[in-house]
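Dropping the structures in below, format is structure tokens.
You will see two complexes here that share chain A, one where it goes with chain B and one where it goes with chain C.
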Partner chain A sequence: MFEVVAIYAYQILFSISIFILISLGLAVIFGMMKVINLAHGEFIMLGALFCAQLAGAGVPLFLSIPLAGLIVGLVGIVGERLVIRYLYGRVLDTLLATWGMSLLIVGAVTTFFGPQTASTPQDLGNISLGTFSISVYSLLMILLAFALLAALYLVWRMTRAGLIVRTTMQNAAMAQALGIDTDRVFMLTFGFGAALAGLTGAILVPLFGASPTMGAFYIAKAFVTVIAGGPLPLTGTLAASSLFGMIDGAVAYLTTSVLGEISVLFVAILLLRFLPKGVTRGLKGRV
Partner chain B sequence: MTFLSAQGLTSGYGRIRVLDGLSLEVEEGAFVGILGHNGMGKTTAMRALMGFLPAGKGSVHFGGRDITRLKPFQRNRLGLGYVPQGRQILPALSVWENLRAGALAAGLSVQEEERWVAEVVEFFPRLKPLLKRPGGALSGGEQQLLALARCLCGGPRLLLLDEPTEGIQPSIVEEIAERLLQLKAASSLTVVAAEQNLGFIRTLAERVLILRRGRILHRLEPADLTDPALAAEFVAM
Partner chain C sequence: MAILTTVGLMAVPSFYDFAVQYDISKIFVLALLALSMSFLWGYVGILSLGQTAMFGLGGYVYAIVAMNSVDTATAALIGIVCPTLFSAVLGYFLIWGRIGDIYFSVITLAVTLILEKAIRATSGDRFVIGKVRLNGQNGIPGVPSLEIPWEAKATLFIDGVYYLTAAVLILVYVGLRLTLTTGFGQVLVGLRENRRRVELLGYDSRHYCLGAFVLAGAVAGLAGVLFAVWGNFVGPSLFDLDRAAQIVIWVIVGGRMTLAGPILGTALVVTLTTWLGTQGVGQVTLALGAMLTLFVLLFKKGLLPTLSELLSAVARWAASRRAAR
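After this line comes the complex of A and B, so read on.
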């Protein structure tokens, strides 16, 4: 009996942590910066790809993961400087531009790295629970997902850097008048969001591998989570991830993973029908 | 010595020119009032001086430096403080965070920053019980005090005030005037205030500039404003 409860809890936490991880970068870029980033899935893919390449070249996995995140952050900064920075406040234009970026990234990766799926082994082993076995890596991933979200929340709410970003995102003109170099803040925040997406891809690569078109698999879930989360990007992401993760984990465990995803989208549609501004709507006034 | 000056400044929105050769000179430590009807370019002048609107022709100098091409944040870091029309309080940040935001660019350590902001709060006792409230929950008058306090947190050498009394309850207008007088007495703070409120300008300003159609039309002494005929000509009553 205990094993069944434990495996059930694990399944749900696993699902929730995936939702959190794939939404974090988007919570920054879309939730905070209001840039509809259709290249979000490709940032995740790049993270997975770079991590697989680094690990394949002999770099230890625990180093490859942050390095891959860092590289994707730099890719994000290049994209911001070349394209995005001209489009702040023009929502539809960011949508088109980032879609273009996503096509470009998929094309470039397919050309230079090929269309096959790269995988990265991890050797942390498994723990067995009666007849079940759980990989240690996925347990670490769950911890990491919650830790990243908590760290991001603390930076956002408690640090000076967080205050600079919140000030800039609320009223960039006033932030300028207060002496904040908003152009730089936008660049770094976008890069930070891209780095988080890259980190996610890198964390997921030992579990799911890396292929050029994998971004499409994550982007819809990420947007649904951030939108359903509502006006508070981080609290909302936690709330929506928990809800969707619970449904996905439970339904997938009882039936199949396809039904799990269908039920998540079904709940998301209901949720946005009745709470169109997201689950943290009533908490607005605190960012 | 001239502290802030504009020479033949033109500016506006797109192809609509609002400032048409604005020239003014402000001495260090002075309090200059800019009066004008609605639509004569007061806000545009303030926004151009702060760098939010590009200068077409002409130049702006501050503290002996040509700042015509500098961005607003660079001007702020040189010591230009700006309290915009409509106050622009950050509604989702607490009052305390709004004040901290004002001090961010001063280059202090976090401890120094908090001590300094607490000092500014002492100067505005009305804000003290409100520190944890979201800025958006304050009344217009309280927001105006907060906007002034936030600006002072950056340690400005010159304040640009854009209609600080607009739509504010009289008791807070008095409080703002009182604080500004105290500041003037205690430091060499220079103030340029665009206003329509004659009483406010008469109490505070040492010199009054009349803005009409984007340029300075007259220079007056505050005492001149007691002449109702003259005053009515320059400002909406």
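After this line comes the complex of A and C, so read on.
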């Protein structure tokens, strides 16, 4: 009995942590900066791809994961300088331009690396739980997801850098008048969000592999989570991830993973019918 | 101009072979899909990225009903009604809560992506509707062509499909044009210009937005039915992200604030992608991505409005020259 409960809890936590991971970068870029980044899935894909390439070249996995995140952050900064910076404030145009970027990245990756799936082995082994066995790597991933979210929250609320970013996003003109280089803040924040997405891809690659079109699998989930989360990007992401992760985990465990995703979208649309501003709407200004 | 184009297009089958007619009919069908988006986006100001959902539903419903040996005209009708109802339900949930415009775009995109995933997961013997296996990834081959109602056992051939799609495209274009001149259409354009002001005049924007969304859904569903008739095939790619992106590109390239622009944009971009598709892997997506980004950054209005601005500038210049002389 205990085993069944434990495996069930594990499934749900696993599913929640995936929702958190794939939404983190988007919570920064969309939730904080209001840039509808449709290239988010491709940033995740690039992270997975670079991690697989680095690990394939002999770099140890625990090093190639942060390195891949860093490289994607640089890619994000290049994209911001070339395209996004002309579009701040024009929300719809950021959606279209980043969609163009996403197609560009998929096309470029397919041209240079080919359409096949790359995978990376991890050798952390399994722990057995009665008749079930759970991979140690996925347990680490769950811890990492919550740790990353907590760290991001602390940086956002407690540090000077977080304060500067919040000021800039709230009122760029005022921030500029106070002597903040807002152009640089926008650039770095976008790069930071991209790096988080890349990190996610790198963390997920030992579990799911990397292929040029994998971005499309995550983009819908990530946006639904951040939108349902509402005006508080991080608290909202946690709340929405927990809700959707629970639904997805439970339904996918009992039936199929596709039905899990459909039920998540269904619940999200129902939720937005009654809370069109997201679940943290009532909490604004308090947390 | 419009009449000349129409006559020219109607004469195509007498001069060109079936391969050309086949390619052009595809453009007609896809142009319908582009119209359904540009009507919503250019005239009402709501961007639905989920028009592929209605498109795919239309195609699948037509295929399933027609292959269960119902006559094809009825199947086509059901194929239009189902996506229309679907867009009414989806539209109700999204529009009635007054969700933000941008959220509307993203959620509609999520809907079509999830539908694609659901369809892809339907391989195997468990997923059979009537006599039809859904086949998941591989799609349903052998979708019947439209039967000609007044001739027993006769189906539309390539030239027939050509005339049908051309006629439907012209009818839908004229129909949407006329809709925009009615009171309903005027309110829609008003909503695009200033939603709050229209609301203060006593119109409930939600009724109008929902009406426009359902109308666009019906057009997209019709396009889906015709696409199934055209290719005798439906597959999950009807719903996918690539197609959703391509509609946006057709509309942006042609010019979203017009109805003729998206038709032109569809013709140009589809021709280009078909040609690029013969050149190698990955390059189509690369070119489409570059095109989308460039148009958003540099030619926001699209080709047709940019062209007409250019023409009027030239005309003004010529007039000033004449006046000077």
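Here, the second predicted complex is superposed on the first by the 285 of 287 C-alpha atoms of A that agree within 3 Å, B and C clash if a C-alpha of one lies under 4 Å from a C-alpha of the other, contacts with A are read in each partner's own complex, and residues count from 1 in each chain.
Simple rule for what comes next: a residue touches a chain if its C-beta (ideal position, glycine included) is under 8 Å from a C-beta of that chain, and two chains touch if they have at least 3 such contacts.
Bear in mind the structure is a predicted one, so any value in this text is a computation, not a measurement.
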Statement: So, after the overlay on chain A, do chain B and chain C clash or fit? They fit
Field: Contacts of A:Asp181 with chain B and chain C, given as first, second, both or neither
entry: first
Chain A residues touched by each partner, larger count belonging to chain B or chain C: C
Message: Contact-wise, after the overlay, does A:Arg160 reach chain B, chain C, both or neither (first, second, both, neither)?
response: first
Message: Tell me the contact category for A:Phe274 with respect to chain B and chain C: first, second, both or neither.
response: second
Query: With the two structures laid over each other on chain A, which partner does A:Ala173 touch: chain B (first), chain C (second), both, or neither?
result: first
Field: Minimal inter-chain CA distance - chain C and chain B, angstrom
entry: 20
Doubly contacted residues of chain A, that is, touched by chain B and again by chain C: none
Field: Residues on chain C engaged by chain A in the complex (per definition of touch)
entry: 47, 90, 93-94, 96-103, 105-107, 109-111, 113-114, 117-118, 120-121, 240-241, 245, 248, 252, 280-294, 296-297, 300
Query: So in the complex, which bits of chain A are touching chain B?
result: 160, 163-164, 166-167, 170-171, 173-182, 284-287
- prompt: In their shared complex, at which residues does chain B touch chain A?
  reply: 50, 52, 71-73, 76-77, 82, 84, 88, 90-93, 97, 100-102, 104-106, 110, 113, 134, 136-137, 150-151, 154
Parts of chain A lying in touch with chain C, wherever the complex brings them together: 36, 83, 86-87, 91-93, 95-97, 99-111, 114-115, 212, 216, 219-220, 223-224, 227, 256, 258, 261-262, 265, 268-270, 272-277
